[in-house]
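One chain, subunit A, links the two complexes that follow: it is found with subunit B in the first and with subunit C in the second.
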Partner chain A sequence: MSLSTNTGSVGTPLLPPKGVSARVLGGIAEDATLSAPGVFLIILAFILPIGQMLLLSIEGASGGLTTEHFTRFLGDSYYLGIVWRTLRLSLLITVIAAVIGFPLAYVMAHVGPRLRLWLIILVILPLMTSVVVRTFGWMVLLGRGGLIPFTLWKLGLVNRNFTLMQTESAIVIGMVQVLLPFMTLSVLGVVMKIDRRLEEAARTMGASFTATLRTVVLPLAMPGIVAGSLLVFTLSVSSFITPSLLGGVRLPVVAGSIYEAATKTLEWNFAAAQSVILLVGVFLVLLPYLKLTGRRHG
Partner chain B sequence: MTSTASPDASPAVSLAGIEKTFGRTKVLHGISLDIPKGTFLSLLGPSGCGKTTLLRIVAGLESATVGQVTIAGRDVTQLPPEDRDIAMMFQSYALMPHMNVRENVRFPLRMRRRGSRDAQEARVAAALETVQLGHLAERMPRQLSGGQQQRVALARAIVSDPAVLLLDEPLSNLDARLREDMQVELIELHRRLGLTTIFVTHDQEEALSLSDHVVLMNAGRIEEQGPPLAIYEAAGSRFAASFIGSANVIPVAVETVGGATMAQLPDGSRLAVEAPVAQGANHLALRQEDLMLGPDDTARSEARSFAAVVETRVFLGARVRYVLKVGDLSLKALAEPGRLYQAGDRVIVTIPPGKARLVA
Partner chain C sequence: MSTIIATRRVVLSAGFGLTVALAALTASGATSPAAAREKLVINSYGGAYEQIHRKLVIEPFSKKYDVDVQVITAYSADALAQLRAQKAAPQFDVIHFSGGQEVVAAREGLIAPIKLNELSNGKDLYPFAVEGLSRGEGPVHAVAAIGLLYNKEKAKKPEKWADLWNAQYKDHVVLTDLSNSYGLLGFLMMNKVKGGDITNADPGFNAVKTLLDSAVVVATSPEMQQNFAQNDAWIAPYAQDYAYTLRKAGLPIEFVQGAEGTPAVYLTANLVANRPNQDLAKKFIDFSLSPEVQAGWAQELRYSPTNKATKLDETVAKEVIYGPDAVAGLIRFDPVAVDANRAALVERWKKLIAK
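Right after this comes the complex of A and B.
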């Protein structure tokens, strides 16, 4: 092995043969042609709408530029409360998804291939049903007299009128169910690649099963947990159907507030400003994460 | 052993009637072995013979279906690996990729809570000095060469001073030269530290050169065991003869002519064989280096020589390997490159006294 790397460059002449630069240019043209459809699609579907949204957010009522939409949002404690709830719930959802997703992914990585396939199907099953159907399912389970409150009441833990509907708990439960596959599959991909000998080696060196998980598997699974967290966080920050159906009108989140402004009160500029604020807020939360992964891969 | 035996005389590792079944396949058929303290023991055998499974049972990474494992006088059959006083070195080294060299070597001490942090660091430094890697303590494993990773794994294995050191083909990923260096280092390390060592290998040369005691395994059973020289000189079975010293094993007809035992080769020529002959021994074992080749006009010594034709010649440097034809039979011979024969040459093969042995 070491021999082949040493002799690898011997055959390469010092001067490039004629025509190389033409070939390189040809290669660049080829690359550009191949990537053109993708680049075009990205510009059309992402860059343009985001640019338009940015413009819309600073457009005054009578034309001209203004920051009034931003000051209106940021100066109102009602809207700030919405932002705070959105970030808080999204973080909670992300943490819960990681706490459930990591052990689940570990088990999935260690069972036989056939059982693993069934577990993967089971995990992504929630994604295969419509969000509305799934959420109504939760409404039945969580509402007054529903399975969960009824069971808790029978156990003597709550009173008869107890309901989980219209609570932040309902939002978190519903969201974790939908977003768990993103976390689990992200972690699974990384855990599958961890050499099983490392765990065995740790055991022979005196580490118990839990100590092995803590000192070997968890650190090595970190890139997967980070990637899963990014997915779960961004998806939960921007979702509004599940929060609005399970949380109701008294527990609005930013995405729901944007929806209101855009479709009900028809304040497009205000909706755009909220979208920009959400975008910046997500970016600020994700920045340390991105740095973390950048360091790991770099 | 007896109840009066002092603890010092008790074996470091004792295996009693170990059987292992995977699904419907039985891979170990009742292995019993006592390994005295300080022994360097090799488990030698072809792949699939169960040697690695046996090692993993000692480590606790597999559980024995039947049988008992005792380490340092303590029955550990039901204990998980972390509660056994062992260290294991893996074929792939299994260094933790997210820890640097020092953290890797300190890992067993940290997990076993041996001494203060300072005391641990001192032992790590000493272990790294032992394998001459003190200057690389802050490197990450991926920044090291294969040979250096190997040394880190070795340092990590000896740092906790285990009751038994388990080595699972640790040299098979190294190139030939590094492997020879590592073999010498393993021998010296073992002499210096006196650690009881179980070494799994499929390389008979490695087993013979490193160990005090060789256990030859085949198909889940112990085929033969003993000191390297005894195993090499007096392999008693066909399998042992062909695996150790890669001897030619030839089916022969055994006959006694005037007090001397003769083996009749398939082409009709006869060779005198060594007494005593084990019951039912009907195969002749001829080691490759014991076939002395001479030109066609060599004086043939009675009952020690036979004629053959060179089929292939492979130049190996220090030696030359020939494939010879005796009738339909193919024989391999390792010869000094003094005189070279061509394919098709007729040669006279002479077997020195004491080298033609019958095996069962």
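Right after this comes the complex of A and C.
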């Protein structure tokens, strides 16, 4: 996207006609030089491994090509159940992150710059600690006798042995905490750019605070919410540490299943096939978004 | 992947050839340098195990025989893969396995047979530790026994594997996922107790199914610890050495050998085939079998000795498989059959436990 805007500005009629070709060539060389490390890294760390993975996923036991790994996955209700759980939980996580993240970002955009800085630090701070450490914290809070089950028991809502560990709720709670910063910061970037006078105008015209939020701020913040949602969704379908620690082995998700196949039973081909399925799934979600934003930016 | 490794090996061997040629050039005419110390290359398993391995075996051995011992960290499966890749030019002298890989390695000719009389400690070893010698495998130098861990402050002491289904432990049982090798052995034992065998796991799976509603399933050792520490777990099939780890963490956990038998992880030391200094390698293996070294393993990590002459103090003796009676309970599942069935068992297990 940024590349196209660059070349567009180079070709503007303001430049003297004689220098055009030289400028364009120079521009391409500069672009190529600047992007070389990134492109090199992408080829080395993304394109090559993905190609290798695609190959592995269709490689048979004796070396020939086969679709058996895909049929094994797609033809088994157990694995389809894992996919369904992964999608369902990821959607739930995304919705909850958006519901919490949007108001938070809105407030952050409206407070003074000093307080905003502190709020941003607060939001980013958890990212500085390892996911594993934070997840272990949740294990203590959610486990039998942990703060949350203990409080619920004291309130008379549950029995003494109640635990949230190894439940889907635990996965959702842990993942929302891990991914909330991505949502909040995505929305914040967009909300900050909304002209405050639009809201003031709406209020002057008699709209209530909630009506202003609903009809003015929310539609204008939509690009941020969509971008944040995509980030949260793709990160949550592909994460396995938090689900495996909080959900346990009895609530498998796709990424965890890939990890098991690759490291425990050493079925690399099957692991690769599952990864391809996950990748295609994520692409299918990204595609409408790319089309949408592509149209918007011309 | 395989091509990359292959290329690297080509580069390595080319580089090696060059070095040799250079060395030959520079050394020609000169007198031979002072005899370099002999060197052994072995594998160890990393982490706390490797630290103790160095302290008990590697360092004392290299001091005693004035040799260098180079340690390469490689788990059993990885070590076997490396041996296979190096078949034409092996790089290890002694290879340690914990997952029964010695059976495969011996069959493929990757490791060389050792005669019992070549080991000074051979005569003192329990028969189970040397029965593999006739098949070309190395001796068993330590045992990690699998039995029942229980919380002695909260639960009655279990006696047999079948007690796992006893109603008094309901809601307090912890089972281990089959992707964990202790979990796999524990499951095979439950299956055996219920009348199954390695090719027929139906009894085991059916029996586990009846436990699932009131049990927690974990995949890793830290989760096991968390369940005993925090989640009111009372009983779990797991390893004896880990019971010691839990006690060191302050938990009131004891280990019991189930009356029906004690499956175990058998740690073997194997002589790699086609290496020049096999005599020294045999000395190293023999050293690992000495009563002093084995007492050290029991003292430090609660691995059970395979040498009858091992002297343990009373506390340690009670916390490992010690003495002829205890040793008689040891069971070994055929490693080749286990390996062949592992993936299928793990998948069936996952489908069984998934909610």
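Operating definition for what follows: the second predicted complex is superposed on the first by the 271 of 298 C-alpha atoms of A that agree within 3 Å, B and C clash if a C-alpha of one lies under 4 Å from a C-alpha of the other, contacts with A are read in each partner's own complex, and residues count from 1 in each chain.
Heads up, the rule we're going with is that contacts are C-beta pairs under 8 Å (C-beta built on N, C-alpha and C of every residue); 3 or more make two chains touch, one makes a residue touch a chain.
Everything quoted here is computed from the prediction, not taken from an experiment.
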{"item": "Room on subunit A for both subunit B and subunit C (clash or fit)", "value": "fit"}
{"item": "First, second, both or neither for A:144, with subunit B first and subunit C second", "value": "second"}
{"item": "Contacts of A:252 with subunit B and subunit C, given as first, second, both or neither", "value": "second"}
{"item": "Partner chain in contact with A:267 - subunit B first, subunit C second, else both or neither", "value": "second"}
{"item": "Subunit A-centred angle between subunit C and subunit B, computed on Cα centres after superposition, in steps of 10 °", "value": "150"}
{"item": "Which superposed partner A:219 touches (first subunit B, second subunit C, both, neither)", "value": "first"}
{"item": "Touched partner set for A:291, first subunit B, second subunit C, both or neither", "value": "neither"}
{"item": "Subunit A residues touched - subunit C or subunit B, whichever exceeds", "value": "C"}
{"item": "Partner chain in contact with A:202 - subunit B first, subunit C second, else both or neither", "value": "first"}
{"item": "Subunit B and subunit C, minimum CA distance [Å, superposed model]", "value": "46"}
{"item": "Complex contacts: residues of subunit C adjacent to subunit A", "value": "1, 77, 171, 177, 179, 216-219, 223, 226, 230-232, 342-343, 346-347, 350-351, 353-355"}
{"item": "Subunit B contact footprint on subunit A (complex, rising order)", "value": "1-2, 195, 197-198, 200-209, 211, 215-216, 219-220"}
{"item": "For the subunit B and subunit A complex, residues of the former touching the latter", "value": "59-61, 80-82, 84, 86-88, 90, 92, 94, 96-98, 107-108, 111-112, 145-146, 156, 160, 166, 175"}
{"item": "Touch list for subunit A against partner subunit C, complex", "value": "52, 78, 81-82, 139-140, 143-146, 161, 163, 165-166, 244, 248-252, 260, 264-267"}
